[in-house]
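What follows is a pair of complexes built around chain A, which joins chain B in one and chain C in the other.
Up next is the complex of A and B:
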């Protein structure tokens, strides 16, 4: 059963349009600084620990096989990220789609909690870990298009530019500053424009790109 | 347009639209409440929008559009609401609605603000020792149940509402029929009852349909159809076609104070207030001199218009004498024409006669069957709108004063604000032992009630609406929730009515658990008239998806009616009262209407189209009058009638009759949320007790006032810059109107 569910999940990950054989650059996972440190524009790099209604193990789902994970692609669950400005949270029925078939873990406390939410048809009140002020418009879709679909970077790395190595965490925690200076520092860098060209370009630096 | 429909997934799990909104509710509502005004980066504070099993087309961050109906005025424009993460973000027009045609006006756009208003009433309130205190719905319903009596004895039990239509109107009609109340009174402070009465006498129907786009020339007597008219969005669309026609349509506007429509006219003619009928008869007399029109009236009517020669008409109306035959000639040259009458001519003691004289122009010009029609039959006449009037409120007021009214349930109207002081409505309301009001925000009337109930916003409620003015087929507009309700204790007025009706007549209403069930059943029962082939559930879903139920256009000709020459009789010229030399014009603003929209800060912030003033009241006077009174812009004036006085800053504008002063309606609330309270003044309060002789309607534009200058001067908050034309520089070349040869300037000629 366990093998079967792995096959299902891997197949699903492939269908999600993600290429195999990722070579993940470790640069993406460098934390913004030690706990308590601040970036030059005064923001803490490391966010607080956020207690979620279910202690979701990202490492079990997206972590490497060597560390006991299933290497499910980020975009398989966070499917809205490539279609919308916001990544959203996976719908509850998506969790249930797999977990209804995985008998071996159904009695585990976290899965029992999950199934109880489903039985009540109640949305799980997940808390925001990465937040932005209302006057900032970050667009997930644009970044995913650039780094995953154009440059062919693995999603674990591309998502990691902002979110860190979530695949090694249980519940997510902010590890980058997500401040304006920090955003601009990346927009100023030269990035290859696609997977095959050596041409480079940097991100836009107009105010209205984010403040509109 | 994205259609709403049940997906295979949601059907399989029994999730329908209502449940979907509920399922979204937990995360959705929480994020709504937490998500406003956040400007800091905080981890673990807000909730992420979380779905259980959304429709397949729902993507967080991407809007989904649902159809509904705008309730900001009585036009019943079909709208589309952009919904994202369970929140309604923006309203636009519904292209499937023939009324809105995919557009809405500024008043409609601002409807969303009433929904999110920080001053929404959140719980039922009961007055104890003169103070409103929170109570429960159980307690409220037990008190309301006490008003339902099964005996015909005892004092009156009145339901007082603003204009309503659709299925809510059917339930309201059922209140007196079932014994749950004794009377249903419909009140509208800006009613068009005078026009309806005249139409009935002259054309056989209360509501005529004027097709602007079929006319070559529109002669409008104070009809602000582009601004604060009956259906400004539909009229603006017709107007665009009228202007873009191969032979460009001509608009002549005659009124004592310029409206938005007047500002758009080719020729704006100022007229002494209340003399519109005289000018109309003068024009009729001119037209009768042409052989094409000579035989269009009965001898009695021809005799009736005979005294209105050019000199006499010019003397009474103040309109330049030579303009009268020129306008008459233009009417003939640009036929077919359409003559419209608006609020200004109605609002006088001889309002009916004014309106009849203007309507006589349409008869002489034989516009019936060309530009003037009547509406197609509504398949369900019981849903037709109940347009309010003033006369019935006056009768109710007399009954209240005599202590004949035992209870009053009030919905959709604010008479304590909009009735003149001479009626003493607020005092008389205190004589009613039990009065309850359903409101979204505590307005003046609610503050005088014993029980105040939190009403769902129009964006949270179901409903059906039928507009009074429809020119392109008959349409039933469907209102559906665009969002889970913000405040859990808010309820639909329909639900409360249904509860009372169940108590009075259980056998008729017990099968409906709530107003939604009643409405759905009633709409599905109408299926044979619209789409008999589909299943009930599909018909309901299609109806919600489209937002309208439409019957194709089928305008009917107006019947020929014989009417008496007495109808068009004009009064003798009034002598001016030296104590009150000016006429007060309580101007209706497109954004504020009767003051219902004053709680919306977007509309307070929107500049008035003619003066650009924001967040204020003002007194418009003619520069020549200002010179005579030695008044400058910003001078605080006291405008005093025999009933009382108001203070407002002077605004000098050439678009007003020199014998008038105009103060806009809508401001001067004592209670109606933070944005309306204590902003400006309320001209309703100082109106004189003058009524239309035929219908008994309040004469809105007949009050005489004196203007007194104070030694105060305050700056206006307004968008426009200096009003001294061109700031002393010749920025734009100008020419006096008399020196212009229009034949050379435009294809339009007034000979």
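Up next is the complex of A and C:
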């Protein structure tokens, strides 16, 4: 059974496109540090500390192999990020899709909680960590399309611009301020528009892009 | 816009609008054509606007006090100079849907003390709710009276549970003390532009319409991008010889100079052609350069 679960995991990893080890530029994001600590970019509006119903180990799923992770691509679970405004919380059946097959961890307390939710046919009440005010409209799709699909950057780096290195955390926590000034500090810079071109461009700086 | 950008590009940002060919190199300039001959005054556009843009229903009392929050209203006119013994004649009303005209040289923009209303690159006149402090200067300076102020905290009362579930998540629900107005359904435009950018193209004609244009049963409201000369709306502007940067259109010139008999006979002179033109913009003489063209009614009198 153990071998079988390995195969399933490998299959999942291949589907997610991580079979070739991605080169992640470490400068693009900084590690989080303890919850609520000062951010590297000088902002300190990190919001409340969020306790999740299950302490989900992002590091075990998405972390590097050297650190005992499985390098699953962010977009394997947060799949809506590439095609909609919101990245979405993966549904419970996505967790079960793999975990049904993985006998070796079925007896662990966190997995038991997970399977209990499944047996009760109940969604896990995950809490929002990166919550924007109601008058702000952020579009994940455009950022993912630009950085990952146009520029060919690894998703761990591209997602990390705003979310920090989630792959080294257990439950995600805010390490970037996500304030308007912080968004604009990136939008007003000239960046190369894709991986091959020397043309540059900057993000939209019109108020109505996000506030309407 | 950062302060550095503001200081270093001051002269560029202070350009007077509109200029000739202002949108020649820009991908979008949203505009409208409203055919008053087709408009039956049915109010479907207003209803669609209420549903699309989370507008509160204020009730009869506040409506009579002039505090209605309808971004798009149907103005009703009776025949000028006609005598009638009744308060309202049996028939013969003329209708004109009036919403924010998205002026190129908008009177509201220059008076806002906090820069909550400004011009977007698409030629729209934006209203940023979280920046607005409710000074109401913009409304005072608007000749069309299409800006509406939240005198009450409508989120508390306008949508009693479970009606709050009908609110569109793409549009901010405005609270007390904030000015609001027609946005040309900017949430739809943003979505269409994002989709087009992902597919590496521009927004096509007809791909995105405002809620009022979508709801109009007689297709009196046309919406589109006049920066794209092949779009329906651009063609209609051209056919009506309406210039974005002019403060008087060909149609109105016909009233000034009657063509000489020889001109009529030989078919020369623009005024002959002008007789057929119907396109005009409201209060053009104020030099607001609106983005909405109205087509004059052809049918007259009682139907």
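Note that in this section the second predicted complex is superposed on the first by the 176 of 212 C-alpha atoms of A that agree within 3 Å, B and C clash if a C-alpha of one lies under 4 Å from a C-alpha of the other, contacts with A are read in each partner's own complex, and residues count from 1 in each chain.
Just so it is clear, a residue touches a chain if its C-beta (ideal position, glycine included) is under 8 Å from a C-beta of that chain, and two chains touch if they have at least 3 such contacts.
Quantities reported herein were computed from a predicted structural model and do not represent experimental measurements.
Novice: Go through the superposed model and pick first if A:134 touches only chain B, second if only chain C, both, or neither.
Specialist: Both: A:134 reaches chain B and chain C.
Novice: Given the touch rule stated above, what does A:89 touch, chain B (first), chain C (second), both, or neither?
Specialist: first
Novice: Could you let me know whether more residues of chain A are touched by chain B or by chain C?
Specialist: After superposition, B is the partner touching more of chain A.
Novice: Is A:80 in contact with chain B, with chain C, with both, or with neither (first, second, both, neither)?
Specialist: So A:80 only meets chain B here.
Novice: Which of the two partners, first being chain B and second being chain C, lies in contact with A:126: first, second, both, or neither?
Specialist: After superposition on chain A, A:126 lies in contact with chain B alone.
Novice: Contact-wise, after the overlay, does A:51 reach chain B, chain C, both or neither (first, second, both, neither)?
Specialist: Touch partner of A:51: chain B, not chain C.
Novice: Looking at the overlay, does A:178 come into contact with chain B only (first), chain C only (second), both, or neither?
Specialist: The answer is first: A:178 touches chain B but not chain C.
Novice: Would you please give the residues of chain A that touch chain B in one complex and also touch chain C in the other complex?
Specialist: After superposing on chain A, chain A residues 133-135 contact both chain B and chain C.
Novice: Sort out for me which residues of chain A touch chain C in the complex.
Specialist: Touching chain C from chain A are residues 133-135, 137, 139, 141-142, 145, 184, 188, 205-209, 211-212.
Novice: Quick one: which bits of chain B touch chain A in the complex? Just the residue numbers, please.
Specialist: Where chain B meets chain A, its residues are 9, 15, 19, 23-24, 26-27, 30, 35, 37-54, 59-62.
Novice: Within their complex, state which residues of chain A touch chain B.
Specialist: 43, 47-48, 50-51, 80, 83-89, 91-93, 118, 121-135, 140, 173-174, 178-179
Novice: For the complex, give me every residue of chain C touching chain A.
Specialist: Contacts found on chain C: 1-2, 5, 118, 120-121, 124, 126, 128-131, 170-173, 183, 186-187, 190, 194, 197-198.
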